[in-house]
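Labels run A, B and C following the written order; every chain starts at residue 1.
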Amino acid sequence: MQIKEKLKQAVGAELVSDSPGTLKAYSKDYSLLPPGMSNYAVLPKSAEEVQKVIKIANEHLIPVIPCSSEVHFTGSTIPKQGGIILDLNRMNRIPEIDERNRKAKIEPGVTWKEFQAALGEHNFMMMTPLLPHSKKSVLTSLLEREPLINPRYEYGDPLLAMEIVLPNGDLFKTGSASAPGYPQSFSEGAQPQGPGTIDFYRLLQGAQGTMGVVTWANVKVENLPKISKTFFIPFPEIEDAIEPIYRIQRRRIGYECFLMDKFNLALIVAERQPEDFESLIATLPPWILILILSAAGRRPEERIEYEEEALTEIMKVEFPFLEIWEALPGVPGLEMQLPQMLKKPWPEEVTYWKFRHKGACQDLFCITTLDRVPQFVTVVGEIAGRHGYDVTALGHYVQPIEFGAGCHCEFNFYYDPQNPVEVERIKVLYREAVENLLNMGALFTRPYGISSDLVYSRATSYTVTLRKIKNIFDPNNIMNPGNLCF
Amino acid sequence: MTKIKKEFNLDVTDINNFRYDAERCVGCKGCVWVDHIYMPGVEFGIKCPSLARYSFDAYAAYGREKIILGLLDGKYDYTARLLDILYKCTLCGACDAGCKRNLDLEPLLVLEAARVKCVRDGKGPMPEQKKIAENIDKSHNRYGSPHANRSKWLPKDVKPATKADIVYFVGCASSYVHTEIAQATARILTNTNTKFMLLDSEEWCCGYPLYSTGQVDAFKKQVEHNIEAVKKSGASTVLVSCAEGYKTWKVDYPKLLGKSTDDLGFKVMHLVEYIDQLIKDGSLRFNNQINMKVTYHDPCNLGRLSEPWVQWEGRRGKWGVTEPPKPIRRGTYGIYEPPREILRSIPGIELVEMVRIRENAWCCGAGAGVRDAFRDFALWSAGERLKEAKTTGAEAIVVCCPHCKENFGESIEAGKEKIKVYDISELLYKAVRK
Amino acid sequence: MGLMKEAYQALESIVGPEYVSEDPVVCEAYSPSRGGHGKDTAVETVLGEVPICVILPGSTEEVQKIVKICNRYKISFVPASTYWVTHAGPRASNVLLIDLKRMNRMEIDEKNMYAVVEPGVILSQLQEQAMRRGLYITVGGGGAQASVLANLLVWSLSPLNYKNGLPNRRLLGVEWVSADGEILRLGSLATSNSYFWGEGPGPDLRGILRGYIGWFGGLGIVTKIGTKLLPFQPERLEPVGISPDTTLQLPTNRMRWCNFTMPSREALVNAMYEIGNNEIGAAVTKVPLIWRYRARAKSKDEFWRLWEKSGKEDEVATFHILRVLLIGYTSEKQLEYEERVLMDIIKEYGGEARRTRQTDESWLKNADSARMWLTAGTYMSVYGHVETLACSLKGGEAYAKRKRQYTPPLMDDFGEPGWFQLTENGHMGYLEFLTHWEPYEIDEKGRHRVDEWYFIAGPKLDIEKGLYNFFNITYSPLYLVGPEYGPNYHVWMLKIKEALDPNGISNPPYPRCIDELVERCDWLKY
């Protein structure tokens, strides 16, 4: 039987396509990677259907490219060797919201918009990355280990047990959901570790679909705050921001906390482009730390009170030359809007903030320690300038992680995707920036495209072992080949 | 089939009394680590010198206990290595106090009983320790020096009484080598109008070098003689200025005799206990100031090993419960405070503490025949302790034992160290003399 | 049999004669009977072996050379950091024990809140140094004497994980001599020389280093790790007392223990859920009755006198003590706020405050695991998990019921449903089921029943109820539980083992130890 026929039998005839128009949509994304055509696209509705597709793929050694979001930014879902696009968008249920244990079960097609809305009805929320695209899959964000804007949780990762289809087509549950009889078991899938000596979930995180397909995941959810209070701390230079972040985070103050330059903040908060944007650029301080105190439980005012007192004391005693604002000049009401805004994805009806400036954006991000950020900023700025990039339009976003033990350091290069000169410029400077940052000790824990090659060629022992593991789970190398080091 | 004795006692001449203790060791290494509550970090985190020096688990109590069990079960016979493992240990009791923080086992008695067995099987002790035994047998002192010279240390300005409640048992080391300790002690007693006797030629070596190396049969001779001498003297208190002597009289004498300390018929007291009493009741006068920053080294035998011996026999039943309940000497009531009180009271002295103090003290390295048979190990241990002392910024390390003083002294000289070592009696005398 | 002469000479040339020995007396010190958890069960009595040789390397380079020699001459090896559990010792014959105690370096980056440690550093050492800097770690329930590195690679669970998170989250960069003698570098170490971060690049290979449990050296030897230090409070916890009564005095303006009597088990569980829901506290735990007696007793004899007089069944059914640790991480006012919220909750669920000593000798710096052996001279946990609190209660009750069939020879604890607590701000709970037995007044049948309880009855109950036991692998037959969980997680484990330990020399026969036992012991069939 032909592959297409088998796929039709697996998922239903109307849910398989090989039409060029359909496949073209999957062939590219918002990254700089060149397009790649797949052979088929299928839209399964269940884990059983996913299993069937994967078994077919193994039979014919044809790649499978899982994707769940409707939007992609990293190039990892662009087929590199043809294959079957496994579009998981139809698997978009939220089968369970467990109030007592503050967890929920989601399928891969559930978007941030859908999930936060559903959780909101139970007075819950999910910790979010920074303003994800509304069509972004929650599970994708978690599997990609996107940093959350809340560095408070010392156990930051919300991912718990999962159900996965392994590259050989076997259905497998990770963590405590692996217990026999789940979900009728005593175990409720609340814990991510194992089973056995393997943290399977860790092999799937950061894997860009190369190690299997997640068909559902239990995730931690949190209570919606009753009260929030927003603070803004302005800085003239990025160097001035580092020590305050260390000190504030060390005292476990606040929930959402991140540092941004005025360019990015202006993109986010400008109501109408470009007039608002220009006026914000003129008035906003060069760097702003956004810190939101939140209280969800009992005696919320008292909670805000003691945190605010500690915050004020730190600023007064340790940083008397810095200011701390409860409102942002030029953006009245932002302090009230932000707590709500940051718990939702970017509004669907508004141009995605990263596209507002020129239509596209290439993100360069790494993990480092806060004390290295200023030198990274200097170096990247110098490289960008040297390649003709307008450094005043270079976005910066620094996300402390886990009380400032580390941070996600992100540079946003805005460019016009229709302008080949700009596209080429970004490609060249991106590569140089990654190389330089690697030399300076930056960690590219989520390597995409060009950075994959640069990272894995350095991480020799890691690469060798990773390939061994990949070969164990996916001996036919059918899961999204051509990504990472595979 | 268990080899544990149901009916048992604490007699170290039968190692099977302690088989339970060796078997029930769970390897928690409480015998090696400084009490976790006080744990400072990696540096100074271990209190067992032999493990720190020789690294293999064989050189810690938990390892020695398994080795002893192997010997008892016929897995191997005595070898030079086995004896090396058993004897490269000062029986400092750090293991014992550490183990007893959590459990009711007797690691030190296992080690003592093992040495007795070695000797009785004709395999121990070390040749150098045998030589010490010969000296004691011949000349009643560990050095083999003329017995007639035992009281030569006595200065002209000190006149012991012919009859007194207190008999000052000087000990070999202070009699022959560190006579400054005997002299200082005697002068302090005189200075405080304390009547005391000496046993003179009736004073024989207390026997510590014999008991601690497993030579119990030779030890018995010393015990019987010395006790008879004290009885004859009519003294109600035996005062010592040597920690080894203190522990031997207070703990090992009744142990050998199958008695409790309280049943000896006299009290055993260290100089520091006596002086501490005088300070508390206000009758001690300090006439001089000594401006010095010092740190105090707890001698094992005055500290954690000095609790009174309680004779016991009984039965071990289900769950290991003993009937009657076995007394457990955990080192809680060691003589820790009196020397500190003394140092704090001397005008001008600033007392600073090391990390490993009291029941966690690091042994000076001299005891249980180690200085005799393994001089380099003894000096290494002393060197490690001096390193610790130097971190306090102290100018001197203060001890209550001539053997600690001797060992530290040799290490200081070998390393050309600036830090000094004093026996507490020396400082005391300096402070009280008119 | 001994090592080949040439092999021994090669080992000696690496570390020097002072640090290697095949003297049977020296090796006997590493007898399996000193292995703490697992002692007195068939894992020790049937599988345990004295090593054929012991070697003490001083550096990663030496470890690598040793492992390569082992691969050349097909010498099985097992690494031991403190040898605190039976799985740290050899469970096959002719094994080289690699004693890592000399590798005890520790470095702390206070600003970026992590420490780099070698295997010889123990938990209380790191905790002290962390606390001096206003930071702290979780001292795993295994005990303050456990190696930081080894504990984090295997278990490392404690009430402090309520705020500090699961152990696998606290593992950062890793330097690992694989079983075939290559050096693997994970996390930040993969592309730099820093240990500060644990993830990736890409799929996270910490995922094969440990899962719910670790390899106990079955995939080579980890020689250095970075580990998280968490923000603490700045006041000193003063150590006071003389053994055995040593303890840390809490600075009560920033830390407090609170004990409460709850009217029922249900109220206790509900209160715990609500505490987690409000994200207050630093540890939230229920105290088994027997622990209270053990804490009060000055000795084993005294414990039994008190225990014999106790109300036993009734007391277990009605004794519900909730213990909460509050830490004012941010300020004194935080402590006061949390105490108010806590009292609101306790009042709502009908609880009453009890007098509480403001000291700690059991969780913060000294996790008092050695004392577990005081009661009977034996102890082993048959079950432990991190799952919801509700599952913890159900699981504990199921185990208490099944335990009756094995009591005696197990010690009766009158239906105690184990010890449970909260993890990760109440998103998860924790259950551990601890049992004891009399080691000498027991016949062979009784000894076999004890083994059966741990290695067969427990795993079978896990499967029956769908429980998730972190003692799987160590105390369950892999071929019994493996097919049931995942399913077939064991297949992947064994494939990884084969790929990374091609000569099969790293800690044999792990992970099939219990399967080996089942083969050899006719009293362990399923």
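The rule is simple: a residue touches a chain if its C-beta (ideal position, glycine included) is under 8 Å from a C-beta of that chain, and two chains touch if they have at least 3 such contacts.
None of the values given here were measured: they were computed from a predicted structure.
Asker: Give the identifier of the chain nearest to the protein's overall CA centre, each chain being represented by its own CA mean.
Answerer: Per-chain C-alpha centroids ranked by distance to the global centroid put C first.
Asker: Find the chain most remote from subunit B, comparing centres computed as mean CA coordinates.
Answerer: Looking at centroid distances, A is the chain farthest away.
Asker: May I ask which two chains are joined by the most contacting C-beta pairs?
Answerer: Top of the contact-pair ranking: A-C.
Asker: Rounded to the nearest whole Å, what is the centre-to-centre distance of subunit B and subunit C, using the mean of the C-alpha atoms as each centre?
Answerer: Between these chains, centre-to-centre, one finds 37 Å.
Asker: What's the distance between the Cα centroids of subunit A and subunit B, rounded to whole Å?
Answerer: It comes to 66 Å between the two C-alpha centres.
Asker: Round to the nearest whole Å and give the separation of the Cα centres of subunit A and subunit C.
Answerer: Using C-alpha averages as centres, the distance is 33 Å.
Asker: Taking the touch rule as given, give the residues of subunit C at its contact with subunit A in the complex, in rising order.
Answerer: It comes out as residues 111-114, 134, 163-166, 168-169, 178, 182-188, 190-194, 196-197, 199-208, 210-215, 218, 228, 230-231, 273, 277-280, 329-331, 333-334, 336-337, 340-341, 344-345, 385-391, 394-395, 398, 424-428, 462-463, 465-468, 470, 472-473, 482, 484-490, 492-493, 495-496, 499-500, 511.
Asker: Give every residue of subunit B touching subunit C within the complex, in rising order.
Answerer: Spelled out, the residues of subunit B in touch with subunit C are 2, 4, 23-30, 33, 35-42, 45, 55-58, 60, 62-67, 69-70, 75-76, 79, 81-82, 85, 97-98, 100-104, 317-322, 325-326, 328, 330-332, 336, 358-360.
Asker: Mind pulling up the subunit A residues that touch subunit C in the complex?
Answerer: On the subunit A side, the touching residues are 100-103, 145, 153-157, 170, 172-173, 176, 178-182, 184-188, 190-208, 210-211, 220, 223, 246, 249-253, 296-299, 302-303, 305-307, 309-310, 313, 367, 369-371, 402-406, 438, 441-447, 452, 455-456, 458-459, 461-462, 464-466, 468-473, 484-485.
Asker: Could you please specify the touching residues of subunit C with respect to subunit B in the complex?
Answerer: Residue list for subunit C touching subunit B: 18-19, 21, 23-26, 28-31, 33-36, 39, 54, 56, 82-84, 99, 101-102, 104-106, 120-122, 124-125, 127-129, 143-145, 239, 241-248, 299-302, 304, 361, 365-366, 368-371, 373-377, 411, 438-441.
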